[in-house]
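Chain naming follows the written order as A, B, C, D, E, F, G and H, and within any one chain the residues start at number 1.
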Amino acid sequence: MNTEEIRQLLEDVKEGRVPTDTAADMLKDLPFTDLGFAKIDNHREIRTGCPEIIYCAGKTEEQVVAIIGEMLKKGNNILATKATREVYKAVQSLCTEAEYHAAPGIITIRKKEVRSTDTYIAVVTAGTSDIPVAEEAAVTAEMLGNRVERIFDVGVAGIHRLLAHRDIITGAKVVIAVAGMEGALASVIGGLVDKPVIAVPTSVGYGASFGGLSALLAMLNSCACGTAVVNIDNGFGAGYLAGMINRLE
Amino acid sequence: MNTEEIRQLLEDVKEGRVPTDTAADMLKDLPFTDLGFAKIDNHREIRTGCPEIIYCAGKTEEQVVAIIGEMLKKGNNILATKATREVYKAVQSLCTEAEYHAAPGIITIRKKEVRSTDTYIAVVTAGTSDIPVAEEAAVTAEMLGNRVERIFDVGVAGIHRLLAHRDIITGAKVVIAVAGMEGALASVIGGLVDKPVIAVPTSVGYGASFGGLSALLAMLNSCACGTAVVNIDNGFGAGYLAGMINRLE
Amino acid sequence: MNTEEIRQLLEDVKEGRVPTDTAADMLKDLPFTDLGFAKIDNHREIRTGCPEIIYCAGKTEEQVVAIIGEMLKKGNNILATKATREVYKAVQSLCTEAEYHAAPGIITIRKKEVRSTDTYIAVVTAGTSDIPVAEEAAVTAEMLGNRVERIFDVGVAGIHRLLAHRDIITGAKVVIAVAGMEGALASVIGGLVDKPVIAVPTSVGYGASFGGLSALLAMLNSCACGTAVVNIDNGFGAGYLAGMINRLE
Amino acid sequence: MNTEEIRQLLEDVKEGRVPTDTAADMLKDLPFTDLGFAKIDNHREIRTGCPEIIYCAGKTEEQVVAIIGEMLKKGNNILATKATREVYKAVQSLCTEAEYHAAPGIITIRKKEVRSTDTYIAVVTAGTSDIPVAEEAAVTAEMLGNRVERIFDVGVAGIHRLLAHRDIITGAKVVIAVAGMEGALASVIGGLVDKPVIAVPTSVGYGASFGGLSALLAMLNSCACGTAVVNIDNGFGAGYLAGMINRLE
Amino acid sequence: MNTEEIRQLLEDVKEGRVPTDTAADMLKDLPFTDLGFAKIDNHREIRTGCPEIIYCAGKTEEQVVAIIGEMLKKGNNILATKATREVYKAVQSLCTEAEYHAAPGIITIRKKEVRSTDTYIAVVTAGTSDIPVAEEAAVTAEMLGNRVERIFDVGVAGIHRLLAHRDIITGAKVVIAVAGMEGALASVIGGLVDKPVIAVPTSVGYGASFGGLSALLAMLNSCACGTAVVNIDNGFGAGYLAGMINRLE
Amino acid sequence: MNTEEIRQLLEDVKEGRVPTDTAADMLKDLPFTDLGFAKIDNHREIRTGCPEIIYCAGKTEEQVVAIIGEMLKKGNNILATKATREVYKAVQSLCTEAEYHAAPGIITIRKKEVRSTDTYIAVVTAGTSDIPVAEEAAVTAEMLGNRVERIFDVGVAGIHRLLAHRDIITGAKVVIAVAGMEGALASVIGGLVDKPVIAVPTSVGYGASFGGLSALLAMLNSCACGTAVVNIDNGFGAGYLAGMINRLE
Amino acid sequence: MNTEEIRQLLEDVKEGRVPTDTAADMLKDLPFTDLGFAKIDNHREIRTGCPEIIYCAGKTEEQVVAIIGEMLKKGNNILATKATREVYKAVQSLCTEAEYHAAPGIITIRKKEVRSTDTYIAVVTAGTSDIPVAEEAAVTAEMLGNRVERIFDVGVAGIHRLLAHRDIITGAKVVIAVAGMEGALASVIGGLVDKPVIAVPTSVGYGASFGGLSALLAMLNSCACGTAVVNIDNGFGAGYLAGMINRLE
Amino acid sequence: MNTEEIRQLLEDVKEGRVPTDTAADMLKDLPFTDLGFAKIDNHREIRTGCPEIIYCAGKTEEQVVAIIGEMLKKGNNILATKATREVYKAVQSLCTEAEYHAAPGIITIRKKEVRSTDTYIAVVTAGTSDIPVAEEAAVTAEMLGNRVERIFDVGVAGIHRLLAHRDIITGAKVVIAVAGMEGALASVIGGLVDKPVIAVPTSVGYGASFGGLSALLAMLNSCACGTAVVNIDNGFGAGYLAGMINRLE
């Protein structure tokens, strides 16, 4: 049921062709499918054209499979994050085209082609250990139809490595800066480019990094303009938002 | 020994039929059974008519079984929370009627019927991952003789899912709102209904959710009136309190 | 000195018309003016076309006046944030066109016209007390050439107030959500619109709001997609980033 | 405009007597009055019969007076919390019947009589210094039509003081326990009574009380059943919720 | 080498019978045995007559065995805390008299008799789950020659259980109060008795107990006089200090 | 009413000479005087022979004066802590013998002589800035009949200053160690003496001392045996407990 | 009394020319002068040749003047930190040569010339607001006989400003990096130079800078080698340590 | 490519012998080797003469082996920290000379001799459990060509053990103080020696040590001059910085 159909229904109510109660029921049931333990948000498709997204952590294997099974009926692309290899195997037995991205723990299913943008998102990491989070951002953005350029392990302790990639970073429409420890990468990039920077603190580090708190606070306090921050290790959120910005016209 | 018997004993003291020391001993021993490692609170029955409740975490299997064995002698209903399946098996060998609720890790034993209320408690969760905590609340309330309605996975990121269940939520005598991450569900429900809302933050989330701290703080700072909060993941506490309110006359 | 002039100088070096050392000196001095206590970043103009920006907190009155005096020589627009009325008076004696925005504590000086965008930024607050931070965002964005729509006091505890402004919020190219206390506004807006949402936690609240920590954590943990967060009370940062996104083509 | 009138309008839309756009406008404006900086929630009256409530902290004197001025037009009772004496004086010049409760900083205006309940709320404090927060709870509950009994300075360090008031506490329909420092009062009361206990941590204390954090955590971790917690120093919230529970039938 | 021998050596230095350097070397090596990875504090025996104490956590099995082996040469009693059963087994193969106290994870070796005091220490716990920490305190105090009375599971949520043991608690020379969760036990006992109370917060609890922080803060903020606090789960420290106080004359 | 009188009353109840209700009333009123805003604990005198103690912070001037006025009727000594000079002046007009100890902000009134102990308490500070807290401990202990020796400014950064006072410290029956910043004094003293050490963290310091948190945590984690800790800046608590220990026989 | 005199005294003891007790007294009194509230560490002079240092915060005006008065008797240079202008005026009336450094709040008195090093310390700040802390470091180092080069306002958000001063920074023997907010300066400098970097977090910032915590954590987690951190706003500590390193041979 | 070669290339550009673009490419690729997931910083060798350093935590076994394989091509010494035995085995199959230091988890490969300093670094620990971190510091410093003296288990609770090693500590050019729990060792050493002290907090402890936070805060707040702090458990950082200082001339 798309926006046009909804408009039609409202006209029908106005003309008396459909009783108020019936319409209310139809509309009430419309925007999600109720599995009891989950309400699948069908409405998102109308609003965004996005693939369906499932956050797997805290859901049982059975729940994830049931949700994806329901979603596949509509023929959409699917993106499932924070998924273990066990969950992937269960999904694979449901849908053989499912792909697993091991570093970020993402399952993707491509049912229809997504046209990619000409502009691109630069995904930059401070270290090698930040790559899983960066890949979560990159794969998410790609599934949403964005071109992505990856620049990994260019942290500020050897700033010439970052400066060497200056061109590709400044050429992006939006930049995702992924860093743990002291999280300085976001500030330095923010000072170099005149583009929106989405900063992703990671839990990489030990001791007084306090599970990513150090990088999180540093990024929130960045003295560089044009930076905003997502949750620790939230590559998905950064990829989604950057994709949204990259596709703005 | 019920309230009437206690009153009788006091009269006996006054009339000199029972020496002060004897009465003191009887009263001192009255309200609990001493197992050494545990003092079972027999007095609760007089006060509340509730089933006995055991918090299993941190107790050995032997201790839980010994406590339940002692309680069963009185023929009461029993509710044991935060119980592993191993503990359940040990209890089952003691009492075959014991039931296990796997999601919340609850053992229940029903020795006598509990009449349920006409009014009901609505137990609402933001996500699928919050269900175990919600079930802890729901099962607790049901064991205490309350009717419960469950509405799961209606978090604020797709607020139409919540609004679609508005009727059943506003029809409750008291609402339990269970949410992790940003815990916004409690505020939105608090703004929709004119009923007491018991908010339960959960440890669902990662990174800057800091084990449920994020949802806890959000719920404590709710700008909606009529909301109070229990400990993170404390479904039991919410179910108990909501049951108490639901049964008020 | 603009980008073309810099390119020319480099050619001169290559052709031997300018010795390396001379050029190094020229370039070294180029991108900022050194006042000793401050290095004014002249380079920003080349990169962004933005007004000069001064963060006044922690600077003495004399320092702010000296910096603005230096900047005015270049004929640019000026935006000074976190400025007290005393600082404003000192600036006014230097430049009578200086305007003071009392709620956010901002000084603006408009030396040249900035053409505003057709698309707009929606600045939304949960409460009345959040207005000063929201105004910091709005004035910043306007100085950077953006059209801004303000919607104040539509927090989630009375969600019909928010829904009543749904059209104007969904019509924006980017939304700034400003909220203290439990910060739920960002999640609810994030669930309603398919646009980038910049969330600004404020220090509005008391007790367990811990100076804005509650709203900050809630916003970082938002279950809504497409949201990122700036520092507590950082209206400027949100306005700057939103402006950057709004002007993307 | 009451619920009946709203229903009528919807019928008019259905019958075509009122165009959709007109109705939308009427409904959009209905539930609140827009002062720009504040959206007064007129809808609350329909839902709850409550007095209007204004949280004064963070609002300018002018804003508070404008909001109250608008509210007074409807002839409702008014409750303004966290108000300084200066704000009170400004309100008084608008409405001479305004009363000021100095300890909690509350302004009340009684335009119509509120019938009080037979059942009562017990408001109990651990110390003398907790009284301002307790009075905020008590005055709020009274304005909402509840009978209140006050028992002050009966903290657990001299538990005989608490036990001496056992009867009046157990006779309440709901209890509000107000305590700073170690916040043990809530647990001890929770263990004594079989009624809902609303615990209010206060910022009374120093050093490792960390502004009320100590009492807050203690109350959240209470081993007593039937307890829930509101924000630090949030007497209003406790009074509102307790009143809601006390008036349940 | 005892105090007398040390005094003699100093006389020898004064009389020139022992060169300064030689004496310095003798004294330097005196008060501890150097195993490289550990310096065994032989001096403690001179000062206190106490058994040797080893904190096993973070030491390898080999290190613990080597330290105990060295200590056994002097014929003293030995107390090893935070020891796993594996460590116990290794120690047992060295010394068959070694005993293992499983709940607290303590190894004791009694080489000489310790005469016990007439006065006693009361060790009181709020719940059953606090027993391991309480046993660490009790066994430590007993090894140091103190009589100990144990009263377990008398938390404040059923205060009659605590009051029933009032006599034995008030009869102690010093009381150890062991509690997790909200830690209210210490305040209530502190208000009942006029004896030093050593409060031991435990990590028993979940959610906002934050690993014992809740009980720790509550105990530090106790409004009862005569209370001091040791580290979370530090039964040893409480037992040692209480023993020291109990043996004061 | 002393312990003997209470026993007599109970006999009267048993013999029927006093009706139960009357006795209940007498006993209920016995142990405290009710001023409404405060319940003065008369019972403490029976239990402890201590002077009355008032914690002034958070009480109004009128409340403090009323409480002291009531206490003076019984002819006891009085100790009022955390009192400003304004409060002192108000008390002085009530009782000219009141003395003010400016550094700790203590008011004392001596109505009857207290015999001092032969043994003494050593009160030791790390720095000069810790003296106000140390004086709170010392004056409290002295009011409770203890001899006190003061050793100030002997922090571990110049450990020879501490070692120079080793004799007077080891000669004490109990030691109070007062330190801010890194709080190392408690551990070093704990390692030097074989006596109970009460550690008092102070809020002296800046930056990462976080209001005394640094010293508090250091003292709780002391590797020295025989140490317990009171709240930050709680000189009173340390003085009270040390006095209690010093007077043990 | 210098090292030679001490050696002589020890010889006298050995030869019997000075009784043990007398020598003990002389040595005990030697290394500090006891003012009661302060023990002035005379020994530091022997060890370090440093000026005397007084930390003024938390000391009364009278105490500071008394300490400096005592110190002046020895003719040493004096450095007093965290001093208000009021304290300075009091000191000035004692010693007219006293100088006041207003930004850091330092008083210096130069009684004898200090020869400066050839090598230098670079003191670098991220912003203008960090200058007071940087000046505390610089003045301290200069008083200790070090040459200092100041480079202010070269934070990473405009990294060309920092790179422009690369030569002077890499030419230093040790670098002090002073920054608030996200504290990234330390990491970037640490990556540029192969010299010890002393990082000083400042409390400059707001919101989630949490009084300097953000910069502190970032600096502790720096991925650059060769960096260590001092307390928030501790310019003195950084200047002292850097001076110590700079003067190493 | 060394510094001389770089200078030559720049001359070639100036003379037109090498086109700008070619040179840019050469220089861009110069200072690191790009493995995609890692950019090996070849430039460090030019700057420091140090061995290559790999932080293994968070890198896969394959990544570590690939990085080391690349590094070995240049014939440098290699230091890999936080490496498990599994990683070591994989490295060993690549290079049989690889050594494993089990306590700190360090892999070293010595391809060329490093001449050691005459001056030395003293590495001191408070306890036996701190040794792994201390060894990380010591091995790092030794690989960088420094002589190291180890003094273990001399914590302040038995300060005579520390004083017995005073000579070796004061004879060092720089001291590394490693301690968990209350971290007092750093302050006591800082007060004894007139040398730079690098303090390393460890996560040794439990309860309120909060993973090393206690020791970290204590060390940051040290009242001893000349101390700076590295991250919790960061033996590597301390060893690297101390080595840098020890080798200063």
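Side notes on the structure shown:
Please note the rule applied: a residue touches a chain if its C-beta (ideal position, glycine included) is under 8 Å from a C-beta of that chain, and two chains touch if they have at least 3 such contacts.
These figures come from a predicted structure and were not determined experimentally.
Relative to subunit A, the chain whose mean Cα position lies farthest away is F. Using the average of C-alpha coordinates as each chain's centre, H ends up farthest from subunit D.
When the C-beta contacts at A-D and at E-H are tallied, the pair with the greater total is E-H. In whole angstrom, the spacing between the mean C-alpha positions of subunit B and subunit H is 53. Rounded to whole angstrom, the centroid-to-centroid distance between subunit C and subunit D, based on C-alpha atoms, equals 38 Å. In subunit B, the positions touching at least two other chains are 127, 158, 207-209, 213, 216, 220-221, 225, 231-232. Chains touching one another, given as pairs, are A-B, A-C, A-D, A-G, A-H, B-C, B-D, B-E, B-F, C-D, C-G, C-H, D-E, D-F, E-F, E-G, E-H, F-G, F-H, G-H.
Looking at the complex, you find that subunit E touches subunit D at residues 126-127, 155-159, 181-184, 186-188, 190-192, 205, 207-210, 213-215, 217-225.
Contact residues of subunit G toward subunit C in the complex are 127-129, 131, 152-154, 158, 160-161, 164, 204, 206-209.
Across the complex, subunit F meets subunit E through its residues 47-48, 53, 173, 194-196, 198, 216, 220-221, 225-232, 237-238, 240-241, 244-245, 248-249. Taken in their complex, subunit D has these residues touching subunit A: 10, 13-14, 16, 20.
Those residues of subunit E lying in contact with subunit H across their complex are 28-29, 31-32, 36-39, 41, 43-44, 57-59, 63, 82, 201, 203, 211-213, 216, 231-234.
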